[in-house]
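A, B and C label the chains in the order they appear, each numbered from 1.
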């Protein structure tokens, strides 16, 4: 399948080029997302000061914005960095952590989506639903339930903001408005470690740094991360602490063969 | 013993209800305390912006305030969140990290204790002693020595602020002014990993989210955490890195049977 | 060799005295550097508020400043803490994370180096080169290449700022202007975990808290950390997640015999 060889090729590119992924992210997962980026083969940098974000963007290959522990000054820095990224032409990836839980989070995401050209939004069902005004239930930063099909929510986001929606859950859905992919990789243990959603966004950011099609980059990042989760789970039993450690090992050791043998991707045109 | 079946019942409730524990905590342990809360079965959320803490409290089941890397704006946010929690009627749990080491820390704790109804204070001997003006020695955030019996210090805190004191050390003491409990669970390796005190506070916060009696919630949280420490130690040798990983595994796998077979709790009336 | 017995003696002193290492460091590695300090045997404290840093310095034995996720207020706090440390006579150790990548980082380091007496600068080749105006290539916080020999760069820094340069890489170089040491310990896996550079700085900070000669403290810290890396690698295969865990285990279990049997240090006068 073309998509599998593309992912394998992108993985090779990450490890050869070592793109720099600039993150303005939350305090909870700074270390974890940086290690995920390093393990998949790219280089992470965390930088949030208004005084330097534009300069850091100037040497970066993609920009990941994550609102997990936001405050107003950080949002301003995200806007400044995002505008620099748009101007330079590198992709902006947004993780709307906890959107729907508070007005600050929902409105900050909407501000970012309106002031910036965001290439990819990676979130869970409730977060993404809140950004398109679809009712959902969020518990802090966890999606509990939403009354709508994830495909419909992903499509609504893609159409509303002209971006690629990368919506993770038991099955992940990626939609850019015209194409829809489902990815059936991953493992329930991913829900038992804090920040694995943020880590998946960071890995998508690494792929977006070498793959210019956001739809393809999203599929590649979520598939690679999901397969790494499966490999890590096979070495962990039902032990989240051990799984967390093995997840880094699996991201680091992930091979092109792992992609070919384990990927469960289905791509179709958006049905109307 | 009634207390053991209560703890077992509370543990079951946490895993069934998945209460949301809102944390305003320090940068050093954000990830670690969030993972401890998730592993015991509750849901963590970290949120500190003045613009959203009240709204986050409105969906939370308990509020943990931890001053480990405080700055003035964060204390203001803690006060705002604490007042919202008081109004809503959910418990506020305070971890006075490093109280006694600097005036800012001691005075910030006293401010929180005077402006808020704090249900539980979880700290070490030197920290708690400093809050009631009893001489102690603190080295940064580590309690080195204090000239007073922990029981007396716990009682003084409970009486001064009308809260439950959960004072951890080789033996933990919980006192609400009329009742005193000692808990002889735990393991020396807990002192060799940064943030285990903060993690124990977070776990107490998870129990307080389902158990309305702060005295019972404190005993339950410290007992569960102490037993998890013992289980983790049995799999770790004298290796703090490994122990840290096993601690998450043990919190996740902790059973009601573990509580019944390993708890070492003694409860009595406060002697006068 | 005198140097080996000095390192062994310093390691013993750290574990007997348990000096307090005050860190004003970046969000990404706060937990990791604190654990490294605790595992080697010292006590860490993280504190950044302008309102308390001077008071925290007053009980500390060394001060580590790390600019990894800096913002202007943090730099001001570093200056205040550093002046208090200078006045008290405890060593200041600077980690210029990402110097050369942005003007804010480069200029902040130069400000710290001009307003404070910095005992030791621990950085990689590109970072240190940027502080003495030597051309280099930096990718975010990673040193990619520099056209100059690390010995020359280390000497230039030592001469320019009157400090000890501790320049890490495949081989580490320590130079105080008159003496030059090379240390051939360490392992490639250290480059596959985020924050190991920062951890090495923190461990140097622990040694500087008991060893008054910054040149000797730098050699001791880098040697101890490098050997711990080798021990950790021998238990990890090519698995960075496992290596990260084993690194804490190795710092904790490091013995004087490990120093004697594994240290690869060469000391000479600076050739002119």
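One rule holds for everything that comes next: a residue touches a chain if its C-beta (ideal position, glycine included) is under 8 Å from a C-beta of that chain, and two chains touch if they have at least 3 such contacts.
Bear in mind that the values here come from a model prediction, so they are computed numbers and not experimental data.
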Mutual neighbours - chains that touch chain A and chain C alike: B
Interface composition of copies chain B and chain C: same or different, split at half: different
Inter-centroid spacing, chain C versus chain B (mean Cα positions, whole Å): 33
Residues of chain A engaged with two or more neighbouring chains: 27, 31, 244-245
Residues of chain C defined as touching chain B within the complex: 18, 20, 22, 27, 30-31, 34-35, 38-39, 43-49, 51-52, 55-56, 59-60, 244-249, 252-253
Footprint of chain B on chain A - complex, ascending: 26-29, 31-32, 68-72, 98, 101-105, 139-142, 192-195, 238-242, 244-245
